[in-house]
Amino acid sequence: MANLISRRQFTIEWAHCDPAGIVFNSRFFEFFDWGTWLLFEAALGVKPPDLAGAFQILGIPLVDASARFLAPARFGDAVELASQVSAFRRSSFDVEHQLRVRGELAVDGRETRVWATRDAADPSLIKPQAIPEAVVARFQRADAR
Amino acid sequence: MANLISRRQFTIEWAHCDPAGIVFNSRFFEFFDWGTWLLFEAALGVKPPDLAGAFQILGIPLVDASARFLAPARFGDAVELASQVSAFRRSSFDVEHQLRVRGELAVDGRETRVWATRDAADPSLIKPQAIPEAVVARFQRADAR
Amino acid sequence: MANLISRRQFTIEWAHCDPAGIVFNSRFFEFFDWGTWLLFEAALGVKPPDLAGAFQILGIPLVDASARFLAPARFGDAVELASQVSAFRRSSFDVEHQLRVRGELAVDGRETRVWATRDAADPSLIKPQAIPEAVVARFQRADAR
Amino acid sequence: MANLISRRQFTIEWAHCDPAGIVFNSRFFEFFDWGTWLLFEAALGVKPPDLAGAFQILGIPLVDASARFLAPARFGDAVELASQVSAFRRSSFDVEHQLRVRGELAVDGRETRVWATRDAADPSLIKPQAIPEAVVARFQRADAR
């Protein structure tokens, strides 16, 4: 069984770049967020703004993020972001994001997110909830099921 | 009577700048937003997140924004943003923002915002509401009243 | 003769939106910048990072920007940005940007930019230069020439 | 001997926040960048844009960044960012960033950066260089030396 991978091609914009002429690091974390939503839409068939409602959750808040910057991405570069869930745990999961510039791995990132609901007793609190097995199953590639 | 002017000094960060080594234009509109909230807090004595609740409004959404870029602001520049309401109308108002670099006017901006509530009949609609006179009066300088 | 119009379809991302759940205003100015580069690539057949070199200019710095916000754009909205040069002057030009959400005009923007070189006597100074007629001609639609 | 810690107090702006009403994660990496420049200015007495020139380096590019998000930061929150170099190696170093909201640790971040120069043989290449001992010494607190 192989993970479902969602891929997005886009071009590095002037606005993404810093005085060194390369993408400023925080932008990659923004790209990772794009990638996660796209992956969830591909896997679950639900538009991102409808995700919470469809699964009676609050959302999939981020609790940890990291990136290694291996090579620069520059203004005008055509890049590809590949995103997949690399691990599901009971109520949290890791999303791996690899950004390639001309086929070369430039940024290797990871987000850890939580499948979260509001606490029934105190709705101001957010609490992790078990990820349904049916959700997990959708992150396997159709051709590999 | 003179307008209340709120002033904020800050430093241009690396992350604000583009490959030309100067502040990317969209950042100035972000600075203007900072300036408007600071001005409203100074005038009304209400923390920004409490503004809507304190005045039973939805907020002060932006309907028009513009800026003239007269001189660049660079990484490390100490700048001052001066913000004032230049015109109050029945339910909208203009905020002028002037950003100076070493005393020189670098960016001259203006936002038009609306004093907005939800429509009573259809809460999904936002509608302009008359700005209370007591609110308008607070945007005059105390020493000029 | 009709203006060349470049169009870009994209989706509003979570990261573009503010606590009101709609695109934060400064992001639209970032989108306008995307639109201008895309238009110049379509018209001149030169990749954005190669534009300055291809025409022996410093770039096309922004001197004025404005936008009217007519309707909100929300997380997940599919939008289209249409960009065209609405006026060429001797050494400056206006780019009009219209962002539509489901066919409805949501943001109407305009940038004024300068065709700029470095001053020969003092390279620290930027100065406007006459826009070549051959450049202007490329911003007319091929089918309309 | 204790590390020099630079601290910066600031307020969470509307523009920093996402539709959940909390700071969007990429902004924290922008704050970390602010923190590193501030720390280097405090330690070395050199304005950020003058750092490269003062030490004959290209800069201090980021090769790795990570953050744990422990508690949300909301619009209007007064926060404090504390930054320190937690480890110096031969030619790289780690900067730890802790962001507190009302005294509570909300985000715990780390950047790994390189003390970098251009390769003498091929100036298009960036290469790590040994960090001068005199530089390292400046990141100890004056009262602890």
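Annotations for the structure displayed:
Per-chain residue numbering starts at 1, and chain names A, B, C and D are given in the order in which the chains are listed.
Everything below uses one rule, namely that contacts are C-beta pairs under 8 Å (C-beta built on N, C-alpha and C of every residue); 3 or more make two chains touch, one makes a residue touch a chain.
Because the structure is a prediction, the values reported are computed rather than measured.
The interface in A-B, A-D or A-C that matches C-D, meaning over half of the contact pairs are the same by residue number, belongs to A-B. Pairs B-D and B-C differ in how many C-beta pairs touch across them, and the larger number is found at B-C. Centroid analysis (C-alpha atoms only) places B farthest from chain A. Between the two copies, chain A and chain B, the C-alpha superposition involves a rotation of 180 degrees in steps of 5. Computed from the mean C-alpha positions, the centre of chain A lies at a distance of 34 Å from the centre of chain B. For this pair, chain B with chain D, the centres built from the Cα atoms lie 30 Å apart.
In this assembly, the C-alpha centroid of chain B lies 25 Å from the C-alpha centroid of chain C. Taken residue by residue, chain A touches two or more other chains at 14-15, 20, 24, 26, 30, 33, 75, whereas all remaining positions touch fewer.
In the complex of the two chains, the chain A residues touching chain C come out as 13-15, 30, 33-34, 37, 47-50, 74-76. Chain D makes touch with chain C in their complex at residues 14-15, 17-21, 24, 26, 75. Across the interface of their complex, chain C is touched by residues 20, 24-27, 29-30, 33, 59, 61-70 of chain B.
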